[in-house]
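For reference, the structures are reproduced in the following blocks.
Note that chain A is present in both complexes that follow, paired respectively with chain B and with chain C.
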Partner chain A sequence: MSAETLLFDALATAAVFSALIMVVVARTAVAVATALLACLAALSGVLVLLGAELVGIVQLLVQAGAVTVLLLMIFLLVGAEGETPPAIGRAGTTLRLIGCLAAAGLAVAVIGVAPVEAPMTAALDPASSGHRPMGLALFRHHALALQILSLLLLSAVVGSMTLALRRKTS
Partner chain B sequence: MIAHEHVIALSALLFATGAVGALLRRNLIVVLMCVELMFAAVVVALVGFDRMWAVRAVTDTVPMDGRVFAILLIAAVAAQIAVGLAILITLARNRDSMDVEDARLMRW
Partner chain C sequence: MTLLLFAKVSTVLLVLFFALVPLAAWLERRQGAFAQDRIGASRASIATATFGGLLQPMADALKLLGKERVVPRGADRILYTLAPILTVVPVITMVSLIPFGARYRFGQSDVSLVVADIDAGVLIFFALSALSGLGYVLAGWSSNSDRALIGSVRAGAQTISCQMAMALSLAPMLVVYGTLRFSDMGLVQDRVIALTDLAKCLNVAPLPSWADLLSLPAWGILLNPVAFATFMLCAMASSRRPPFDLSAAGSEISGGHAVEYSGSAQGLFQLTHIVQLLVVAGLVTSVFLGGSALPWLSQEQIVHAVARFYGEGFATGLCLLVHVASFLVKLFGVVALQVVLRGSMPRLRDDQLMDWLWKGVMPLAALNLFVTAFVLVIMDRMAW
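Let's look at the complex of A and B:
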């Protein structure tokens, strides 16, 4: 058991644990957002451990940072009351736990059946990790996708402003 | 060495948990957050597969498709969540409720 494997196990357990807390146990929306933040931070650590440093940092900045904070700011606007009790009775948390266990069992069964044939990689190639090769690949080979995504982001900004703007009725 | 199956299993578990949360929670913002959890699981799977197939032929000119796709996916996720939240705000203003059962105009 190398340090890499141990660290991956710890981060993966933290991510799954906070995801389960977020889905099953958390009652208020702010608790769900905090658990999601913890899960995304653990996943960023997993990504950096897998050798994709730029992806991990970008996920920390964008998903864990910007999106979760944006979600928390939405609570300021629309209020963050908890959920109404489900119509089935007091079965909310139990139902979610059973659902999570069943879905997890299904997922692990599907993964276990599918054959994973891949060449064994000895170690990370130092020439392909880090931000410089990623930047070169992004701007040389995937420049078109980058530009299209910039257009998508621009239209999302304009669209969300149009939707959420409160018009003054005079 | 991190086993490839462990990375894929982690991604599958997180995706399943997010899917269950998106189906069974009753607050619209919480559903959106579970969808974001599913996206994060997909990013982990992409990077895991990219690491798995890291040994490639010498003639391959683009050796890091998975990681590049993951970065572009994170940007697309940010755009999607921004638009989804704008829709949510409009819905909450018009109906004054964040319950998932109150948005039922398209039910038969």
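Let's look at the complex of A and C:
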């Protein structure tokens, strides 16, 4: 087993376990956000291992850094950080059984189709990946999409400011 | 290759923890004390030798390691333990991005004095900076304390605002240098801008012959002083240095996010504070102060001058040492500047900081980016 494969196994296990903690075990919103952070950080590591360094770094920067901080701030400001999830009730046993069956089916499907010793192939050409080729492609071939996206983001910013000011004046 | 990387990481960590951090902590406490007409911490000694208070940071670290860690009742123990680690690890990782020297050729091998010479170093810096900010938010919430929660909310708002302001402030320099790699920025600055070249680019009348002697080092602070000022202040705000330490305001919310931490965990927060001081200084030096380059004396000139007498290997090694010394002098100069700013400006309120960042720095940085790009296009990337 190469070092890359070992590292991939470790990162993938960390991502799966943190996702399980996030969805199954965590009792508070902040714990969910922290588990999400761990999952996203592990996924960014997997992306770097696959040769998509820029995507991995941007994943860490935007998702793990900005989005998770924003989520935590929203939880703290709204006051949902300490809320415990509501009790499931009588349907709890049935729902748990369905969840376990679904997880078992997924595990069988993944183990069945995934080759055990498949070599890790870096499908990306180094000359075509990275920030420079991506920047050139965006501004040369996808400039219109970039401008439309920036207008969309601008409308989101203006909309949130309008809502905030409206709340303040009312 | 692995051995070289291991040697670099070990050297950087040893130098960081046993030389740079104690020196920076000593400088901050001593200079800050002199600014307030005090002597400062100077009691720690070995056989009555105090060395001017240089041993005090070590004594403080040993004291904190020996203190009891008290966990508040009702605290989320897992996140309470994780928070200081999440705060300090990204900051220490950022040190690996800082180039302590240029690239040197010894025979057939190239040696660079940066641990992680990554193509997108600037992006990784922003990613790690955001992760470190998360640690402050988690520390405050998990402590189950009102003041800590206030500090963590302030820290979160500060992180979000500072990240955007820092990115916009640094963008003009990325346009000028044309790279996201910190070591390449140092190489670009290792040259001079002659007045005659500038006159040629601007199509002015030919200058007299004595104008050939007038030249400036191509450092970022001279090329774009507005970017230097905005980035320096935003980086200080992002690292929660006074006067931007509203998340841990000692006289207001009794330490903010770290109020319920003691012992080694408190030591980790204080270590984060000092390492952030060094990281900000290192990045400002790399981007705006020429990195390890000497003004008006490029690496080729040094090696060529010394190699005539002592050979190329010795010349390259001497140049390496000179560059490292130059970088450290500049690094501690910026550290001293941060300490001066700390001692001379009152703490900003959170609404003042948000106003300043969103309504002042960001528009100014965006305008600076536009003007920089406009000038570069007009001058057709003036001769380098």
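The criterion applied here is as follows: the second predicted complex is superposed on the first by the 123 of 170 C-alpha atoms of A that agree within 3 Å, B and C clash if a C-alpha of one lies under 4 Å from a C-alpha of the other, contacts with A are read in each partner's own complex, and residues count from 1 in each chain.
In this section, a contact is a pair of C-beta atoms (placed from the backbone, for glycine too) under 8 Å apart; a residue touches a chain by one contact, two chains touch by 3 or more.
Treat the numbers as computed from the prediction; the structure is a model and nothing was measured.
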Touched chain A residues, chain B compared with chain C: B
Partner chain(s) touched by A:Ala103 [first = chain B, second = chain C, both, neither]: first
Partner chain in contact with A:Leu20 - chain B first, chain C second, else both or neither: first
Which superposed partner A:Ala66 touches (first chain B, second chain C, both, neither): both
Touching partner for A:Leu149 - first (chain B), second (chain C), both, neither: first
First, second, both or neither for A:His131, with chain B first and chain C second: second
First (chain B), second (chain C), both or neither touched by A:Leu77: both
Contacts of A:Val58 with chain B and chain C, given as first, second, both or neither: both
Touching both chain C and chain B, counted on chain A across the two superposed complexes: 54, 58, 66, 70, 77, 81
Chain C - residues contacting chain A, complex: 76, 78-79, 82, 118-120, 123-124, 126-127, 129-131, 133-134, 137-138, 141-142, 149, 152-153, 156-157, 159-160, 163, 180
Touching residues (chain side chain B, partner chain A) in the complex: 1-10, 12-21, 23-27, 29-30, 32-34, 36-37, 39-40, 43-44, 47-48, 50-55, 61-64, 67-68, 70-72, 74-83, 85-90, 92-93, 98-99, 101
Parts of chain A lying in touch with chain C, wherever the complex brings them together: 28, 30-31, 34, 37, 41, 53-54, 57-58, 60-61, 64-66, 68-70, 72-73, 76-77, 81, 130-131
Residue ranges of chain A in contact with chain B within the complex: 2, 4-5, 8-9, 12, 15-16, 19-20, 22-23, 29, 32-33, 36, 39-40, 43, 46-47, 49-52, 54-55, 58-59, 62-63, 66-67, 70-71, 74-75, 77-84, 86-87, 95-96, 99-100, 103-104, 106-108, 110-111, 116, 118-121, 124-125, 128, 133-134, 137-138, 141-142, 145-146, 149, 152-153, 155-157, 159-164, 166
